[in-house]
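Next, two complexes with chain A in common: one pairs it with chain B, the other with chain C.
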Partner chain A sequence: MKSKTPIFFLAPAMAIIALFVVYPIVDTVRLSFLSPDGKFIGLNNYVNVLTSNDVLNLKRFPFTHPPWGSLIHNAVWIALHLPLSLLLGLLFAVVFRNVKGSSIAKSLIFLGMVTPMVVGGWMIRFMFDRDLGIVNLLFRLVGLSDLANKTWTAWPQLSMLATILGAVWVWTGFSMIVYSAALATIPREYYEAADIDGASGFQKFIHITLPLLKPATIVVIIMTILEELKIFDIVFVATMGGPGGSSSVLALQMYLMAFKYFEVNKATAIAVLLALLTLPPTIYVARSVRRG
Partner chain B sequence: MKFNITRRSILKIVLTAVAWALAILWTTPFIGLFMVAIRPMEEIMHGWWNVGHFSFTYRNFITVWTGAEGSYPLHIGIRNSLIIAVFSSIIPLAISALAAYVFARFDFPVKNLIFLSIVLLMGIPQQIIAVPLFRIMKDLRLLNTYLGLILAHSAWGAPWIILFLRNYFLTLPKELEEAARVDGASDFQIFLKIVMPLSKPALLSILALQFTWVWNDFFFALLLMMTPDKYVATQCLAFLKGKYHVPWGLLGAGSIITMSLPILLYFALQKYYIRGMIGWVIRG
Partner chain C sequence: MSRAISAKFKGLILIIAVVCFVAGVATGWYIKPTPPPPKPTLVVIGPYSGSEMKAFMPVLEEAEKELGVKIEYRIYRAEELSTILPSHFAAGMTPGDVILFCHPVTIRKLAEKGHLIDLTKIIKKDKYPKAILDAVTVNGKLYGAPWVANFKPGFWYRKSFFEKHGLKEPKNWREFVNLLDKMRKVLGKDDVIASPDSAGWPLSDIAEHFIIYSSGLKVFEKLKTGEIRFTDSAVKSAFKDKLVWLIKYGYFSEPEDWTTIMEKWWKGEYGLYFMGDWILTMVKDPEDLDVIMLTAFEDSASKAITACFPDFIIVPKYTKYPKLAKELAAFLASAKAQSIRVKNGGCVATHKDVSPDAYPAAARGLAEKIKGMEVVFDLDDTVGGEFQTTFWDQLKRLWVEPEAVDEILAEIESKQPTP
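Showing the complex of A and B:
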C-alpha cells in the first residue's frame, strides 16, 4: 500500500527531535574539535581534558584522599553505588515478598525514586550534617565521634562517599521494584517441587530464585550504570563538586566549565566523552529492543 | 504438625517485623525532613529527634511559599513547574504517538535505521546537547520562556515515548483497524478512534512518568530559565541559601511542597506508574 500517512505522522516528532536533539549532538561534536576562536585543532581539547587533574588525577589516586578527577569519581560511583543499591534492592524485594502490608512498605522505600533529585541532594546534606544528620547520630551512638562530628559534605575525605551513600538511599527503590516484579513471575510450582525434594530455603534461593532473576539483574545494572554516569542534580545540590573538586563528576564538570568558566570547547569534549561512556549500555538496550 | 504450623507463623511474624523495621528505617530521613519543616529552628538545632519540647509551626511553609527571608517564592516556582510539566507531557505524547503508530504499522525505506537511531537517543546525557541547545534557544529568542523549556523537554522525552508506544501498539490486534479500513476510515481516524482508546493504560503510564520526570528535572531549567519569575520549583529549592547556616526549616517545607505532587500522582496512578517503569525497562 502506497500511502503518505507515514510522512505526515512522523513529521512533527522527527522535526522536533532533529532540531533540539540531533542537531545539538552534531554541533557539540563539532565544537569539541575547535579552538575557542573556531580553528580546527583535532583532538587537542580531548588531550587537554584527559590530562587535566580535574578529570583524571592519577598522582592522587588511589593513595591520597579525593579529588581524583571527575572521571575516576564516576568510576568510584559505579564501583560503590551499583553493588550496594543492587544488593539492597534484592534484599528488600525478597524480605517483602510474602509480608502483609508490604505494598505500603515498598511504596515508602520507593519514595526516593519519585522525589526530585534536587531534594535528594538536600537530603544528603541533611543526613550527613554534624548537628542534624541521622548518619552522624548513628556514628555518635556507636562511639565513632570522628565521623560523627563532621558535616561529611564539607570534607574532601568524605564528601564523595556521602553523595554515593545518599544516592544508594535514593535509588534502592528502583532495583527493589524491578526485582519484586521479577519475583512475582516465578511460578510457585518450582518451589513446591523443590519442597518435595527436601530443599532448604537457602538452597531454593540459590538454585531457583537467583538464576531466574538474571534478566532483572541485567536490567537493573544497565539502568543504574546509566544513571551513575549521568549523575548531576544530587552532586550540584549536596556539594557542588566540592570541597576542592573532591566530589566532582563529569556531568557537573561539563556544566561548570561551559556555563561558569566559559571554556565551551573543552566542556563539549567532556560531554562527548560522557556520551561515549553511556553508549555501550544504551546499545545493549537498543539490541534487546530489536529482539523483543 | 501443629508445632510446624506454629514455627511457620512465628517465622512469618519475625519476617514481617524485620520488613517493617527496614521500611521505617529507610523512611527516617523523610521523617526528619518533616520534623524540621514543622518545628521552630531553636528546637531542632541539636537534633530533630529530640522531642522533649515539641511545638508546631507552619511558618516555614508560609515563608518559603511567599518567598520571604531571601528565598525564591515557591508559589511562582510551583506555578511555572505546573505549566511546563503539563505541556511537556501532552505535546510529546501527541507527536510521539503518531510516530510510534507509523513504526508499529507501516513500512517505508530506512524505517529500521531511523527507529534504532531514536532508541540510541534514550540513554545519552543531557550535557551532550547543552551548549548548542542554549545557543539555539538564544537565537530563537526562546531563552527564559515557557515555550523554550517545553520544546526542550518535548524533544528530549519523545524518543522513549515513541519506543514505549511502538512496543505497546505491536501488542494490539490488527483486525479492528483492518475492519475500519474496509469501512473507509482514514489512517488518522483509525489512529484516533480505535488505537488511542485501546491504548489508555499505556498513555496513562507515559503521562505519569513524563510529568514526574519533567517536574523533577533540574538541568534543562538551570540551562534555560534565568530569572526568578521563571524559575521552576526545583530551581527555587536548589538555590535556597541562608545567611549564616542552611535554612533547614525552609528547605524541609519547600521540599515537602515540591515532592507532594509527584508523590500524589504516584499513589493515584501507582499501577500505571510501576507498569510503565518496569514495562519499558524490561521490554526495553
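Showing the complex of A and C:
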C-alpha cells in the first residue's frame, strides 16, 4: 500500500497554486469567451481584438512606417532587441573575459539590469531628446542632423526604435552575465590544445567557444523572448505606446483595455493570446530542464 | 438568629459601600481623566502639485478649522486615478476619504456600480450651473460636488514681449498669420508656437479650439454625440485648412513636455503658448499675460471657448468617516471655500455666490476678455474612455506627421461614439 504522506505534504502548496495560479488562469480564459454582460459569445472577443488596427494593422505593414499594430510591434521587438542584446552581451563577456579590473566595467553594464524598468523608461525619454539626448548628441557629432534634431519618442518613425534601443542598454547586462558564467566553465585545456594545433583566435572562438556556449545562448534567447513578449513598463513610461500607437505593444494594449476602457473581456482575450505566444518558449525551457 | 445574620449582612454592605466610596474617590483623585479621542484624519486626494497645490492648501487649512478634523493631502494625477479607483473600489477599499477627480464619465460608471456616496442632500443645486451637475447625476442622484473649473481660452503671450517687438494682437486669421511671420523674424526660427504635451491633452485643447473657430459650435457639440463624424467634410476642413496648414509649414514646435516648454516660452524662445487659465498660477508675473483667442476673431464660426469640467468632489462608500467626509465635500463646494481658492488665481468658481472681487487682477482681466463668449465643455473629457486616449495619441502623431491627417481622423473616428 502506498504511503499518503507525500500527498499530505503537497496539499498546502497545491492548494495555494490552485487558488492563485490555476483559478485565475481558468477564469481569464472563461472571461475571454464572454460579453461584458456575461453572455457566451464564442471567439468574438478574439476576432475583435485581432481585427483591430491597434493590434494588427496590415494596411500599413510592412510598406509604411509604424503604427503596425501591437502584435507586429512585439515581433519587431524580438527581431531587433534579441540579436542586439544577445550579441552585445556576448561581445562584452568575451572582451572582458581575462581583463584585470573588468568586474567594474561589467558591474556598470549590469547596472541597466538592476535599474527599475520605470526608471529605464524615463531615461529613454532623456536619451533620445532633441536638446538633452546623448544619442542625439552622437548623431549630431557624426553629422546626421535629421536624426539629431528630433525627439525620437515624439515621432512615429522612431519611437519604437527608441524604446527598443533603450531596452538593449537595460537588458545587455543579463546576457553578459549569463555568457560570463558560461565562459568560466569552458576548460582551459581545449584552448591549449587548439594553440598546439596552431588555431587562430577567431578559429578558437568559432570552433570551441561558440559551440560550448550553446546552452547559455538558449537560456538567453528564451528568457529574452519571454521578456520581449511581455514588455510593458518601458513602453508605458517612455511613449505610452504613441504617437498614434506607433510603439504600442500587446501588454500595454491589455492594460489599456482592462484598466482604462474597462473592457475586461477583450483584455482577457489579449492576455490569453499573450500567454499562447509565450507558451512555446516556456515549454522548450521546461523540456530542456527535464533533459538536464 | 436570623436577626443577628441580618445585622451582620447590613454591616457587611455598609463596609463594602464605604470601601467602594473611598476607592472611587481615591481613584478619581489619582487617575487622570481619559484624554479625548484624537481628531480623525481625513485623506484628501487631488491632482494639484507645485503652484496649484500652494493655491489649494489654504482651503484645506480653513476646512480643518471649520470641521475640527485633520486633513492629509495626497497628490494623484487624474490619469492615475482613472486606473487606481476602480481596482481599489472593487476590493472594497479607497485610497482617500474625499477625492477631487475630473472625469465625469468615470464618476458616473463608479456611481452606477455603487461605489460612491450620494451627495444630493448636501448640495444646493440652484447654486451651480446645471450642465455641471448633470454630468455627474445618475438616476436623479448627485455623486459629485463641483469644485472650481478652468477655461482654455487660447494662445497666451507676454505683453512685454509684444511691446518690445512692436507686435499687435490680431483680429482675424490673416492678421494672425502675419503676426506669426513677424514672430519668425523676431525669434529667428520657424516654430514660433510652443506645442505643450502631456498625455496628449494640451494638443487636444488646441485642436478643439480650431474646430470651434473653423466649423462652429454646432459641429463641435455634434462631434461629442457622434452625430457628426471626424471624417465629415466640415471636420476635415477644420483640421486641414488652418491647423494642419500651420503644422505643415512649421509654425508649431515639436511636442514637448508642457512644463518644460512653458519655461522656454516664458524665456522668449517661443511667441505663443496654448494652455488653460491655470497658467496664471504658474508664471512669475501673471499680469504680464494676455491671450489671443481665435474664436474671438471676426471670422470665427462661433464665439466660444472651451472649459474643463471642474474637478468633482466625490466621497467613496468605503471611507471610514462618511459623515465627516460628506461635511468636507459640502465645505469644499461652498462659496466660502471656492472664494479662498479663486483668490489665488488660475481657476473660476462654479458656485454662483462667489463675488467677482474674490479674483486677482490678472484673472479679472481674463474675465473681461471672455465676456460674451459662450463656454462649452471640452470634447475629450465629455466623451472620455477609449476615444479620449485615441484622440490624444493620434493628435501627437498629427503634430509630427500632418500629411497623414486623413488616416489620423479615420483612426479617431473609429473610437468615436455613435449616436
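As a working rule, the second predicted complex is superposed on the first by the 276 of 292 C-alpha atoms of A that agree within 3 Å, B and C clash if a C-alpha of one lies under 4 Å from a C-alpha of the other, contacts with A are read in each partner's own complex, and residues count from 1 in each chain.
Quick note on the criterion: a residue touches a chain if its C-beta (ideal position, glycine included) is under 8 Å from a C-beta of that chain, and two chains touch if they have at least 3 such contacts.
All of these numbers come straight from a predicted model, not from anything done at the bench.
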item: Contacts of A:R130 with chain B and chain C, given as first, second, both or neither; value: second
item: More chain A residues in contact - chain B or chain C; value: B
item: Chain B versus chain C as contact partner of A:W155, first or second or both or neither; value: second
item: Partner chain in contact with A:F259 - chain B first, chain C second, else both or neither; value: both
item: First (chain B), second (chain C), both or neither touched by A:G244; value: second
item: Touched partner set for A:L82, first chain B, second chain C, both or neither; value: neither
item: Chain B versus chain C as contact partner of A:V118, first or second or both or neither; value: first
item: Touching partner for A:N53 - first (chain B), second (chain C), both, neither; value: second
item: Where chain A meets both chain C and chain B, residue numbers; value: 259
item: Sites on chain B touched by chain A in the complex; value: 12, 15-16, 18-20, 22-24, 26-30, 32-33, 36, 44-49, 92, 95-96, 98-99, 101-102, 106, 108, 114, 116, 118-136, 151-152, 154-156, 158-159, 162-163, 167, 187-188, 191, 212, 215-216, 218-219, 222-223, 233-234, 237-238, 246, 248, 251, 255, 258-259, 262-263, 266-267, 270, 274, 277-278, 281-284
item: Of chain A, residues touching chain C in the complex; value: 53, 130, 150-151, 154-156, 240-246, 256, 259-263
item: Contact footprint of chain B on chain A as seen in their complex; value: 3, 5-6, 9-10, 12-14, 16-17, 19-25, 27-28, 31, 92, 95-96, 98-102, 104-111, 114-119, 121-123, 125-127, 129, 131-132, 134, 137, 169, 172, 177-178, 181, 215-216, 219, 223, 226, 229-230, 232-233, 236-237, 250-251, 254-255, 258-259, 264, 267-268, 270-272, 274-275, 278-279, 281-283, 285-286, 288-290, 292
item: Residues of chain C defined as touching chain A within the complex; value: 82-83, 86-87, 109, 197, 199-200, 254-256, 385-386, 389, 393-394, 396-401, 404, 408, 411, 414
